[in-house]
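Presented below are the structures under discussion, each in the form of structure tokens.
Both complexes below contain subunit A, partnered by subunit B and then by subunit C.
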Partner chain A sequence: MFSYCADPSTLESFRWLSCYLTTGVHMSFYKSFLLVLALLAVTAPVALSFGFLGAMSARSHIAPVSWLGKGYIAIVRGVPDIAFFLFFVIALDQSFELIKHNVVCPDWTDPIRQGNDFLVCPQAKVPLGSSPEYVHQLYGFMLAVITFAIVFGAFAANVLFGGMRAVPHAQLETAEAYGMTRRQIFWRILVPQMWVYALPGLSNLWMVLIKATPLLFLLGIEDIVYWARELGGTKTSKFSAYPHPDWRMWYFLFLLVFYLSFTKVSEVVLERLMRRLNKGQATAGGEALRKEAAA
Partner chain B sequence: MKTCAQTISDYAFRSLGYGERLLPRSDFTLCEQFTLIGSGMIWNIYFGVIALCTGFFFAVALAMGKNSATWAYRRPSELFIFVFRGSPLFIQFFFAYFLFLSLKKNYDFFDPLTSAWLGAVIVLFCNTAAYSAEIFYGALRSIPKGDIEAADAYGMTGWPRFRRIIFPTMMRLAWPAYTNEAIFLFHATALVFFSAFPARGQKGDALYYASYFADKTFNPFVPYPILAFYFILLTLVVIWVFGITNRRLNKHLPQAATAKLRVRPNLIR
Partner chain C sequence: MKKLILSTAALALTAGFALADTVRMGTEGAYPPYNFINDAGNLDGFEIVLGNELCKRAGLTCEWVKNDWDSIIPNLVSGNYDTIIAGMSITDERDEVIDFTQNYIPPAASAYAATSADADIMGGVVAAQTATIQAGYVAESGAALIEFATPEETVAAVRNGEADAVFADKDYLAPLVDESGGELVFAGDDVPLGGGVGMGLRESDTELKAKFNAAIDSMKADGTLNALIVEWFGPDAATY
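And then the complex of A and B:
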């Protein structure tokens, strides 16, 4: 990075550190933070829409649809989420390959599960064995996003379902009296009003989502945990220009601080959002704001 | 071909290192998967129970500290709660493990800390203490003003007032949320062997064996549902035990006023 970095072994501590922290692998480490942010940016809206669909179907008057929605909410909550992460990555991968297999090579006769192996025809591999490295990485990332969205969608569904039930019933009855159809009531009355009731739960969920991002590591993605372990491990002078003892503790301390500040910032922002949404609402929060303004 | 009884006697305590040393390698039967994953549950229960029982007392102390008017008690409690609630448990495990590792390098005394039975329990203890403390603090703040005024009117102060008035009311108010925290903690124990703590001699928890089978058979549709079955069973037991305590805590109140125990497990920390 800097011109004086040519021979690190001669540098004194501060300059050595500045060179060490700007090596190529450290740049990959910093990039993986962007990966975490990207995951959050993609997952949050997808999970929210999954949650919305789940809550909608749980409210449905058609029994099987409502069971489906309620079952979705219930099952993900009863089991450790980490088990779901490990499960969905293989399960999704296999089901994609199976679907593609049935489309691409319908005249394949060998069984797909042979003892301990899962074999589809070579053309049905997802992604293809011949595709470049970045496609594999992108595919891994996509699987992670879907997994996160499914698991967090169930939690969001739970929160939104509660929010929908918290909207005062008189509001819906009034709409009915005006002759609105069920669909109109849902979209024009219920949905706009439910957010203020759902927001505390959703902001809690956002915090939980932030704190779940290190689990990307378990899905085989080169995320911040992966790099912290790689970079922190003992380096001898034989293999690296920057030999150092086991520094993994310090790398993880850095990650700890990163997450702490991230959750702190989110907390402050969500607090502001809550104040804004509460304005003029007939809730305890809105009442507190009114009193504050009057005083 | 071994019978199922034979498998159970071989592997029932495999997670603790007793019985057959080698894990099954091929032709996995359902019985083997059920036995080994069940054997791994011993660890999950161990982590959960120890962390809950010890963390409870620390959590009460932290909640009282956070509620204290004295700066010297309040600030450290707030900081502790913030650090453990604001960061992912997964990262806490990693950090703690590497911290213990470097301590061990300098002093042999710290050797047991790097194995899961002590090191992971310490992390879980701090974590559950922080989460429960926040719950207890919330309950402490919502104790009816009248209760405390009544205690004052009877001339109760200090320890008797805490033991007979504040503590029971706080528990009663916090119990439903604390039940969720307990469920949540048992789920979190599944993280231990997937963070840094090594499963020496393949002595792992339930998820460790489930993922062992999933890796070997490349078929996630058998071991993970078995794991889910065990965890749902564990969750039901926790709800049952905490429900009994909840009834005991609310025994003297009119039945209509008793808060129903609502189970809303949250997820990862």
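And then the complex of A and C:
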């Protein structure tokens, strides 16, 4: 990075550190922070929409749809995250390949499972074996987003389902008395009012989601935990210009600070959002706001 | 039956053609000098240089993929990459699940490293990496085995006193012992283990295996493999 970095062993500590922290491998570490933020930015809305669909179908009047929604919530909520992550990603990947295999290679006669091997025709690989590395990484990232979204969607569905039920019944009855259809009641009366009841639960979920991002590491994605472990490990002078003993503790300490400040910022933002949603609502928070304004 | 075999062979051939453009090579990237990540953030090490040369000789385009050691075999088998080239010793247990090329590193010694040369390596607590031949050996030696996911953690366990000794490939431990300033020393005798290090492939990938075997043969024949081993493992390393 800097011109004086050519021979790090001769540098004094400050310059050494400035060189050390700007090596290519550290750049990968910094980039992985962006990766985690990107995952959160993509996953949160997707999970929320999964949750919304789940909650909507769970309270549906059509029995099979309602079973589907309730089943989704019950199954995903009941299975440990890690078990789900380990199982689901492999299952998802193989089912994609199996489906594509049946479409592109209908004449394939070999068994797909030969002993331990899972073998689809080469044209059905997802992504193709010949695709550049970034496609593979993007695909892995997409699998991670889907898995996170399904897991957190189930929790969000439960929260939203509760939020929908917490909207005062009188509101819905009044709407009915005005002659609104079921659909109109749902979109015009129920949905706008449910958020204030759902937000405490949702903000909780957001915090858990932030803390769950190191699970990415389980999915084979090189996230901040992977790089912290890799960079913190002992380096000998034979294979690195920056030999150092086991520094994992410092790297993990840095991660701790990162996560703590990230959740703190989220807390502040969510608090503001809650205040806004409470405005004019018939809730304790809304009442407090009214008193505040009157005083 | 005969027809089935024929059609399988035909398909294997066409599959070979289709795959010939890119071979994905899986490695761990955490086991110097075999494979590691260098200061620039790229994969480096004996096996990276070797793998690139083998691909060149076999006329293949290769691409490197990093994968955790724990899941390195399952991901090969499910087709996420096509070879494992990660300091993996050839053993009978592994051979039941995947196939190996001939070895490209002759059977090498494993060694114990500890904080003192008279550490209790036979009855004490010994650290080893999960799913390695060293872990299997420790489990049968009578010592209490503690396993870790990465080689780094096995050495850290000795440093912080959690384990009496670490058992690993001597080539991995040697630089760490040299630079520990006397904190770590080798304990006990070296133990020859395994059938050498080979490249792992899916059992169904016979054609790719033949190509790599031929490439390894040619590197053994013209002495480039020996030169490479000496370059990375030092003049005392076992060669062909």
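We take it that the second predicted complex is superposed on the first by the 293 of 295 C-alpha atoms of A that agree within 3 Å, B and C clash if a C-alpha of one lies under 4 Å from a C-alpha of the other, contacts with A are read in each partner's own complex, and residues count from 1 in each chain.
One rule holds in what follows: a residue touches a chain if its C-beta (ideal position, glycine included) is under 8 Å from a C-beta of that chain, and two chains touch if they have at least 3 such contacts.
Small disclaimer: the values here were computed from a predicted structure and weren't measured.
Once the two complexes are laid over each other on the shared chain, residue contacts for A:Glu230 go to subunit C alone; subunit B is not touched.
With both structures placed on the common chain, the touch criterion links A:Tyr197 to neither subunit B nor subunit C.
Applying the stated contact rule after C-alpha superposition, one finds that A:Phe141 touches neither subunit B nor subunit C.
In the superposed model, A:Pro122 lies in contact with subunit C only, and not with subunit B. By the touch criterion stated above, A:Ile90 is placed in contact with subunit B and with subunit C alike. Touch criterion met: A:Glu133 reaches subunit C, while subunit B stays clear of it.
Touch criterion met: A:Asp246 reaches subunit B and subunit C at once.
Contacts of A:Ser28 after superposition: subunit C is touched, whereas subunit B is not reached.
When both complexes are overlaid on chain A, the residue A:Asp110 reaches subunit C alone and has no touch with subunit B. Comparing the two complexes, residues 90, 94, 115-118, 229, 246, 248 of subunit A contact subunit B in one case and subunit C in the other.
Taken in their complex, subunit A has these residues touching subunit C: 23-28, 90, 93-94, 97, 108-110, 114-123, 125, 129-130, 132-133, 136, 220, 222, 229-230, 233-234, 236-243, 246, 248.
On the subunit B side of its complex with subunit A, the touching residues are 26, 82-83, 86-92, 94-95, 98-99, 101-102, 187-188, 190-191, 194, 207, 210-211, 214, 216-221, 224, 227-228, 231-232, 235, 264-269.
If you check the complex, the residues on subunit A that touch subunit B are 75, 77-83, 86-87, 90-91, 94, 113, 115-118, 151, 155, 158, 204, 208, 210-215, 217-218, 225, 228-229, 232, 246, 248-249, 252-253, 255-256, 259-260, 263-264.
Subunit C makes touch with subunit A in their complex at residues 4, 7-8, 11, 15, 18-19, 21-24, 29-30, 32-33, 36-42, 44-45, 63, 65-68, 71, 74-75, 77-80, 82, 97-98, 150, 152, 155-156, 159, 175-176, 178-179, 202-204.
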